[in-house]
Amino acid sequence: MDLFLQQVLNGLTLGSIYGLVALGLTLVYGILHVPNFAHGALYMVGAYVSYVTMVDFGVNYWLAMIAAAGVVALLAVLCERLVFNPLRHAPPIHDKIAAIGIMLFLEALVQMHWGAEFRRMPTPYTEILNVAGMTIPAQRVLIIIGAFSLMAVLHLFLKKTMTGSTIVAMAQNREGAFLVGIDANRVAMMTFAISGGLAAVGATLFAPINLVYPAMGHLLIMKAFVIIILGGMGSIPGAIVGGLIIGFAEAFGGFYISTDYKDIIAFALLVVILSIKPTGLFTKGVR
Amino acid sequence: MNALQKISDFFMTPAMKILLILAAVLFPFVASNEYQIYVMALAFVWAIAVYGMNIITGLCGQLNLAHGGFFAIGAYTLSILAVDHGWGFWWAFLAAGGAGALLGFLAGVVSLRLKEHYFAIFTLCVGFIIYLLIDKWEALTHGALGIIDIPAPNGFGLVDFTQTTPFYYLALTFMVLSIWLAARIANSLLGRSFRAIRISDDLAESLGINLMRNKVLAFVLSTTYASVAGALYAGLVRFIGPAEAEVVHTFDMITYLLVGGIGTLMGPLIGTMAITWLTQSLQFLEEYRMIVFGPMLVVLVIFFPRGVVGSFLTWRGRRLAAAQDAQAESAAKKKPKANNTVNSSAREAGNHA
Amino acid sequence: MLKIDNLTKRFGGLAAVNNVSIEFEANKINAIIGPNGAGKSTFFNLVAGAMPPTEGRIEYQGMDITGMACDRIARLGIARTFQTTNLFEESTVLDNLIVGHRLRTQSRLWDVIINSKRLRDEEKKCRARAQEVLDFVGLSHIGHRITADISQEEKKRVAFALALATDPELVLLDEPAGGINPEETENLAGLIRKMVEHGVTVCLIEHKMDMIMSLADKIMVLDHGEKIAEGTPDEIRNNPVVIEAYLGSDDDAAA
């Protein structure tokens, strides 16, 4: 039973991080219809920025997180301005290739500067809590609380603020949004900034119980794509629910089936689901 | 302008093809060392795979990110059969092509029901599953150790393909065959059906083109190309590991394709050659090549989405059209009264081209 | 020619097309009008087989084609053009049209590999058909141009030609005169008449009322997915329900 609860905790940890990363991806997709293959690289850059600000500059964990969010948000906006915006009307294959180009560039750049070796990110929260016979590392609690509070903040932002509701409006109906005079450029930049920020925060939360290396975003971005296909591309609740589904599937699959193949679970799930329902689980309508 | 015109016209003649083949045949004699011949043979092998990618992605417009995975399937099928089961090279080679076609068919039937982004993401995942299986399924693939002592192609006592130069000619033969078939397909009604799908699924369907059948055919052709290339690769390099299935190879191939000209006939060859020799001449680039390739991909899709060959063809097409317009105009001036002659003389000009 | 019974298409709970029945006669110009979002394009998509209807029946030349796949319907002789003209911009105009006759050919991969006589004959046939339809739409003088370089009106004509290359008996035109000037619209209307003279039945969606009123033999008016009127241009012009629908919505009927 304890082991079972332990897996629930693992699933929740993984799921909340996956959800956070998928959320950024789904926002960008919903609004600009760009499948941002570079999102995993943004996540990776976020981890490196926090690492450097903490280790090299000795800055506090939380400030490092904010710095990372800021830098990556800026980077994401740059990508939007320099790459995705000029490709707005290009055939759909082009923005995907461009996104892959950005990803390759960022990874190679980071690898050139910091090398390919694995690094461990320090965290001030190293205690192990003992609750009801379970051993819970404090960082995991932090991940779960941090991720879900961020999701809550994002939800409030989208629902309660003017900027947030324009983003939602544009996600729901792009042509309609233009008709009512929404500044599409501003919304696009804003969306990329939020998406980048989420990725960086996710990376800073997750990296202390994982490792920091140039290819760290690969698997994550693919899983994030699986999640948003599961949850419906562009759907915000879908990303969170999808993240939790994959998180739990991996935690339990890794434990009860095989650790070797746990990374394959998400993809196997995708293959099965898309074979049955080519438009994803929670999508309605034609597309 | 006139010289330019003559050169560009020459590029389109059969003589140019013969010249290219001749240059390739003579290359080992002018190469300064064996390593150069080896690099060239390797580039030919990659070019075959890129031609495959050009069928599904260039002609048919579906970004297949599992292409490197099918390359690895070819390499592994050959190696497993030849090393672990003692098959002769050419039987294993045939089986590798067959495995690429069969697995391509299965993957295609599932993945091609998805459109655009979904297809690209799905195939990215398929490529990753292939990688994970190769990496983890030790009983079949030897896992992270890889497979060593892969036999070279059997020369039946006539040729020794463990030598670089004979293999070079073997790779060249296969590449020329691949280009020949790719040209046949691209210029036929079949290729036109594929291109209609590239413009838009809806348009193609409204023209009575069966989407699924044509897409699966293009996909199977492309995976067969990839696995044949992979099998040749195994026969040349003679040891393989899970790294062969890494998605970065797919990205490399996209780069070759985009530089040369996506959807064009000579683009895959030119792109592969150009990038291979560029990385060779800038050795320090090898590990960090993506620092250059990444931004290059971005710049290409924004400013030169048709690559070297595509840009050339468009430029040439415009010039030919302008020449014909000028011709039609001067013909019309001679007979200013008969307005209809503009049409007919232009049509004649069109028939001559 | 085309007989439609109680056709309905629902997305989620919303009916984009609701219980529409109509009959289109052969060799006539039939128009579908209605305010934006009235379900006109959905109606076309249903007829062309791009999506299956929720309810109802579509009969084409006495044959039930309800829910049939798009490409099969095209082979039966229903062609269509789209609101946005999608063409292969980098190829010549003529090159774009050759694929139009592909559905009347049989060649497969094997023919391609051995370059069979059947393939060569069929390619000749497709090329000849492309030249023919290019002549028909009056563009033979620009067949050699790169498609990206021709005007919007010419692209519309190429799209017509592409649809005609499939040897259709019924052509569905979705806003053929969208985005072109009045004079060009007039020319395009002439071309549509010429198509009918050559035995093709036309069915079109259009916002330009002048064009519709002078061109159509029969008009169907859709509003919120429902058929609110059908009849000759004169009948439609004086129909109070139609006037109400157009004045009631903010759509500019005069445009």
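Think of it as A, B and C in the order they're written, each chain with its own count starting at 1.
The rule is short, and it goes like this: contacts are C-beta pairs under 8 Å (C-beta built on N, C-alpha and C of every residue); 3 or more make two chains touch, one makes a residue touch a chain.
It should be emphasised that the depicted structure is a prediction, and the values quoted were computed from it without experimental measurement.
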Greatest Cα-centroid separation from subunit B: which chain?
-> C
Central subunit by CA centre of mass proxy = B
Centre-to-centre distance between subunit B and subunit A (centres being mean Cα positions), rounded to whole Å | 34
Measuring from the mean C-alpha position of subunit B to the mean C-alpha position of subunit C, what distance in angstrom results?
-> 37
Distance in whole angstrom between the CA centres of subunit A and subunit C is 44
Residue numbers on subunit A that touch subunit B, as the complex places them = 29, 33, 35, 37, 82-83, 86-87, 90-98, 100-109, 111-112, 218-219, 222, 225-226, 229, 233, 260-261, 263-264, 267-268, 270-271, 274-275, 278-280
Which residues of subunit C touch subunit B in the complex?
-> 48, 50, 69-72, 74-75, 79-80, 82, 86-88, 90-92, 94, 98-100, 102-103, 105, 107-109, 111-113, 115, 119, 122-123, 126, 131, 140-146, 149, 162-163, 166
Subunit A partner contacts - residues on subunit B that touch it in the complex = 57, 61, 63, 110-111, 113-114, 116-118, 120-122, 124-126, 128-129, 132-133, 136, 247-248, 251, 254, 258, 287-291, 293-298, 301-302, 305
Okay, in this complex, where on subunit B does subunit C touch?
-> 181, 184-185, 188-190, 192-193, 195-196, 198-200, 202-203, 205-211, 217, 221, 306, 310, 313-314, 317-318, 320-321, 324-325, 328, 342-343, 346-347, 349-350, 353
